[in-house]
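Following: one structure in structure tokens, then a few remarks.
Chain naming follows the written order as A, B, C and D, and within any one chain the residues start at number 1.
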Amino acid sequence: MSLIDAPMTPLNEVRKSPSRLRSLLSFLRKHPQAAIGFVILMFFVFVAIFGPYFAPYGEREQVGPIFGTPSSAHPLGLDDGGIDMLSLLIYGARVTLIVGFAGAVVAMVVGGAIGIISGYFGGKTDNALMRTTDYFLVLPDLVLMIVVASIWGRSLRNIIIIIGLIYWTFMARLIRSQVKVVRERAYVKRAQALGATHTRIIFKHVIPQIAPLLLAQTVLMVALAIFLETAISFLGLGDPSVTSWGKMIETAFSRSAISYGAWWAIAPPGIAVALVIMAFNMVGTAAEDSLNPRLKVSHLSRRHFRLRPLPDKEAPK
Amino acid sequence: MRKRLLGIILFGAVALLAACGGGESTTPGGGGDNAATGGAETAAIKEGGIFRLGTTSNPDSINPFVGFSALSYILWTETYPTLVQYDTDYKIVGDWADSWTTSSDGKVWTFKVKANGKWSDGKPITAADAAFTGNLVLKYGEGPAAMMAPFIAHSTKFEAPDATTLVITYDEPVANVLPQLQQFFILPQHVVEPIIGDKGKGLKQWDPMSGGAQVGGGAFYVKTFEKKGTTIIEKNPGYYTTPPHVDAIGLTVYQNADAMLAALKGGQLDSVDTMPPTLAKQWSTDPNFTLQVGSSSFIYDIPINSNQKKTDHRELLDLKVRNALDLAVDRNQIIETVLNGYGTPVATMFTDLSSPYNNTDIPIPPYDIAAANKILDDAGYARGADGIRVGPDGSKFDWEVIVPENVEGIDRLFEILKTSWAELGINITAKKLDSTAAFEAIGAPDWKYLDFDLAIWDWVGYIDPDFMLSVLLCNQLGGWSDTGYCNPEYDKLYDEQGITLDAEKRKAIVWEMQDIQSRDLPYLWVAQKQSISAYSKNWGGLTEPFLLGMSKIPWDTIHQTG
Amino acid sequence: MRAGWSYVGRRALFALITIFIAISLNFVLFRLAPGDRTSALRCQGCTQEFKQQLRADFGLDKSVPEQYVIYLNQTVRGDFGRSFVTEQPVISELWQPIKNTLPMILLGTIISIMLGITTGVIAAWRRNTLADKGTVWGGLLFYSLPTQWLALMLILYLAGPLNLPTSDIADPYLAYSNAGAWAEFVDRLKHMILPAATIGLVLFGEYTLIVRSSMLEALGEDYILTARAKGLSNWEIITQHALRNSMLPIVTLVFLSLGFIFGGTILIETVFNYPGIGLQIYESVGNRDYPVLQGAFLLLTVVIILMNFLADLLYFKLDPRVTE
Amino acid sequence: MTVLAIEDLHVWFELPDGKELHAVQGIDLSLERGERLGLVGESGCGKTTAILAMMGLLPPTASAAGRILLDGEDILAGGDNTMRAHRWTDIAMVFQGAMNAFDPVKTIGSQIREPMQAAGLAKGKAARARTGELLELVGIAAERQDRYPHEFSGGMRQRAAIAMALACEPKVLLADEPTTALDVMVQAQILELLIRLTDELGLAMIMVTHDLPLVSQVCQRAAVMYAGRISEIGTTSELYHHPQHPYTRMLFRATPDLLAERDVISIPGSPPRLDQEIIGCPFRPRCDAAIDTCAIAYPPTRTAEPGHLSACFVEESA
């Protein structure tokens, strides 16, 4: 730490929270919706990490007839390869979540960087970057995705990059507007006056300020990324070597589970995807709300004020 | 994209065949009218009606200068006259041609054609139409008419001395003129001539439906054409031979089998061309439908890069490794799981369709992991710390498998393979690409076959063995080869079978060629899938191969039941 | 209102510039794709000379800037070239699918708007009641469902009981048998219901949440209190003031998503075997039919830009404040 | 004649944490026809709550008690149901910050017509004509009724808001800080307009503001509110010349005086929170004349002159 640092650190900026865990807990207490979402997420994260250790059967282990019906041994039945659906669901959690997180992180890094540069420097840089963003915003995302996926080939890595490339625009716009606000704050101005480099200001002052928003948006983006993963897989552009929920839906569809009436081969992965996406949305929107609260009271309500009897009058002394 | 591949192969096959010259015998005509008698058919024949067929493959174009999908070929076969056809036993018989003779040097073929045929617009079909079509294709064969050129390869001119005589002259004796001509579609001169345009460019842009309906000259003509919807072909009143029982045929394209089967069940279809194996058992017990399980024209195969110049993973060139891999392909499980039992294991490139060329002496390798492991151990490929084998040059047995998309069940097949081979200390990862990209990846870089390790693909079984054999020729590097395989000994035998007119002798050579393959193992042959189609009990007279696409569909026997 | 028209002019100019950029980048994007029209060709007659000739025919032997100028020229004239697969003009290859997709999208959007606005308004008006909570959770749920999966569920559980077709756009044999215009119309509608319902339900989730939050925003404004003070009924307040104001973000959203659904129908059309633009694109990808793909891509981009522009115009119409 | 009488009005708000806020703690007011009454105090004293209660516009979290007599009839007795009938037709309001009181997407005219139509007073052309008249009355050209709020300046908007309040010819006009956020010139014009209108139309008005000197210019009487109660009420000249309550005195000093050049002295501290019971005089902590008794009980109401009441233990000398 150089000496110059001391006066530059604004008092109101570094709000050292007592502990990250405690602030998370208090956030969850305040937002029951986020708490539910968080619990669901933790459950699936747990499954994704430790699932392979407790999955009843192997990922490619044929344990019965194709489209075997649910039974006590196989509560979710068997798929078109005679593989235990419950085990597949457990194995699939990992890939689905990895794609979701990684895709969102790519979007966050690319979009965040462009948003920060654009918002911080303003002027021509801002203009050029935002016009580019405008163009990317009007691209039909799903179409771009299948074009790029078919050109690059199907692999987990490519899917992650594609998702990131499609969603960075949203991030960039949002972050830019936030950075513009932060840029005008007194301590940033002071730091500039004191001759701090742009890099230093961005990393020491701007990023810490927008970090919570960046995080909330990333959480929301994970939901979108998972959504896209299922879409890519469904169109047969997924990575065939790995099991993901999206691929399970695709497999069931292409192997005629619907005609077979094998709902168990198609419903569970969809429900799992929906649950995870919903959980991310619940946490993300709550986080967003708590950063940007709408305290407005509705002026119109079905209920009206109540009447009550007069309080006991104290005799005036 | 199985059907699409079929299309490509069909047109390539004949082109190759044309290169091999041949005999000089005169084949007697098939007598023209090959109407089957219907045999054991007991249900009353009800004339008319529209036969509504569902398919999961689609016609790409009805312009024969453009399209190449199998379904387009089926449409042309039904709507344009052809000189000869395969009958239901896959023997060449006369179609529009009643008889033909060959000159003693084998270079001049004279066909006598039926005089009574009319195009759907009422104009007579004459030998002049055929001569026009032939000469047109000759003229623009290197350009806009390239798609049609292979079917008349080595011909030099087409002449029509009178309305019922067509004379084709070849620059050398060609043995398989007739199998070629089976797909030479004769086009109406009065329709095509005006659209040829500058340098024949108009041929490619020709829309045969531009007059409201196609001018057809077969049993049918195309009434409405919709690439992704329903194409309806209607009976051509001027058909030159036994007319079909039905009034029309509707062909609806489905992107997925589920939707198609729902339509069949719901009564919006009378028949479907493919029944997914996963569902076949369920449907086989349905009293309203007949399930037709027939010959196979579909084989799963595993091409292995056989180019001796391959840069990395050279362990794949070791025949011992290939043998071990072959032993570790669980064909029975693949048939049970991927094909739901509707298939049989194979050890060679031919399906039953190609019998007797199918070398039945080659044994199906047993599934024997232990034996496979032993081969690899003995060959000195030790397992590394992570359990994956490593070659003496330090190359890990960690291979990339090219997997084309849209091949039914191929992901499942890959998974089974991955599981089995993992037990050998081999790891494979899939590289899934669309079929064009997959083929390019196999040839990469620049058709030198240096990069790819293995692939999984499907293979189309055809009646005549020639084309399938030709895929492994040295001169197919950069052409049809998907293995980079080249063996002069094999090439020599191929040329020999091409001019061997004696069926027994030819069979012996073909069997020998298969022996060479089973030694070199450029492909691991996995399983053939039986074709399964289904049709409503309201229809009768549907014989085994009616939708295989290998011969003309016998509409003269297919009928509504009373 | 001169200031207003200059706003419209500026938005139009912006749209035009974006379209120009889209056209140009479209050229680049597909130039980056591996191979050209001839490299994928494999046939006996496909000699190097033949390919060279073809390349010349397609203008591929010219320099990139020259090609770009030619491309611009053709695009401006509405000429997107010919399909590699069918050799027919790209425009005619795309026209029929678009005609098929359009009514389905519109029906779906109408379903979602009606559902979304109704529930969103009720939820905002009955904030924190059971109806509100139900709407929020329901909206979140539908927003979270994978489109293709929802479509499959509709087939699995609705198609049978309701006796609805699950594929194609119409019963082709109705027209063939001259069943009459009404029967054909009903048949078309039946074929459209499930795909449209899928779009409707997926969008519904998003719309209802947005409607609710923008209604809540509007209901917190002072003019609502004024309206109440003026003795207006609740219905009048909601329809005349709150909804009118919260329509602004909703309209933008609807138009924006209308642009994107076009591309997004790929999933739905795949499931329902619906011969629309999505399916066409999907197939063109499989066939490497670059001209069709390029045309479709450009078209969809332009549609989105136009929808943006329309949203701007509507905003201009709905919000008198928009003049700068 | 008394138009509006407030008797022992109480308003409570439920707070999210389960506590209750006693915002208005029993106020009594009466208003004669044509009379202008100022309701003065700092923010948080319950002024706005009191007049919202008179309009029946309290939020659902509120509960109210007491009587609001309009021409002798208790309109609070039936809660929202009885109040609704009188809104705008009998009691109308000019809201604080007319900027947001108008719906931005509708024309000024249509918003003025709305209450007429809702009350069934005028329709179609007649309503249009009446709107024009009202606008002329407040000094806006009639044809500007088709303009949108954002096209009006702040002062014009406030005039339009007054015109809107007059739409149904109410008996009582409640004006909540009608001139805040306006510049001084415009302020004066608006006040003049209010004075003229009440005089011409015989309208009674309660004007809520924190600006006591302003009230003395406009109103005949004023009530000073502190912590939900009226601390002093009387004619404006009485209050100005003989303030009885220290708060009143300090309020006069706290506002720049238009007439004298006294130093502006701000009152230290801020009004108490009303979510807990206050023992003693709520102004005591800020008072410069507090005595011991102030800590024990709320001061009794004392009459200084007829009609001039205050609640303070300490007798203020003139």
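Here is the rule we use: contacts are C-beta pairs under 8 Å (C-beta built on N, C-alpha and C of every residue); 3 or more make two chains touch, one makes a residue touch a chain.
Just so it is clear, the structure is predicted and the values come from calculations on it, not from any experiment.
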Review point. Can you tell me the least number of steps between chain B and chain D, where a step is a move to a chain it touches?
Key: 2
Review point. What chain is the most remote from chain C, judged by the mean position of CA atoms in each chain?
Key: D
Study note, to complete from the structure: Most contacts overall join chains A-C
Exercise for review: Averaging only over C-alpha atoms, locate the centres of chain A and chain C and give their separation in whole Å.
Suggested key: 24
Exercise for review: Could you grab the centroid distance between chain C and chain D? Build each centroid from C-alpha atoms only and quote it in angstrom.
Suggested key: 53
**Study point:** Cα-centroid distance, chain A relative to chain D, in whole angstrom
**Key:** 50
Review point. When the centre of a chain is set as the mean of its C-alpha atoms, what distance in Å lies between chain B and chain C?
Key: 39
Point to revise | Sites on chain B at which at least two other chains make contact | key: 256, 258, 262, 405-406, 434, 437
Review point. Among the residues of chain A, which are close enough to touch at least two other chains?
Key: 150, 253, 258, 297, 299, 301
Point to revise | chain C residues counted as touching two or more neighbouring chains | key: 34, 155, 221-222, 225, 228, 270-271, 285-286
Point to revise | Chain pairs in mutual contact under the definition given at the outset | key: A-B, A-C, A-D, B-C, C-D
Study note, to complete from the structure: Residue positions on chain D within touch of chain C in the complex are 55, 57, 84, 87-89, 92-93, 95, 97, 100-106, 111, 114-115, 118-119, 148, 150-151, 164, 167
**Study point:** Touching residues (chain side chain A, partner chain C) in the complex
**Key:** 131, 134-135, 138-144, 146-147, 150-151, 223, 227, 230-231, 234-235, 246, 249, 252-253, 258, 261, 263, 266-267, 269-270, 273-275, 277-278, 281-282, 294, 296-302
Practice item. Show which residues of chain B lie in contact with chain A when the two form their complex. Key: 256-258, 261-262, 276, 278-279, 282, 333, 337-338, 340, 403, 405-406, 408-409, 411-412, 414-416, 418-419, 428-434, 437
**Study point:** Touching residues on chain B, where the partner in the complex is chain C
**Key:** 1, 8, 11-12, 15-16, 50, 52, 60-61, 63, 66-67, 141-143, 146-147, 149-150, 153, 201, 204-205, 207, 223-224, 226-230, 232, 248, 250, 252, 254-256, 258-260, 262-263, 266, 268, 405-406, 434-437, 439-440, 479-480
**Study point:** Of chain D, residues touching chain A in the complex
**Key:** 8, 10, 12, 26, 56, 58-66, 76-77, 79-80, 297-298, 300-301
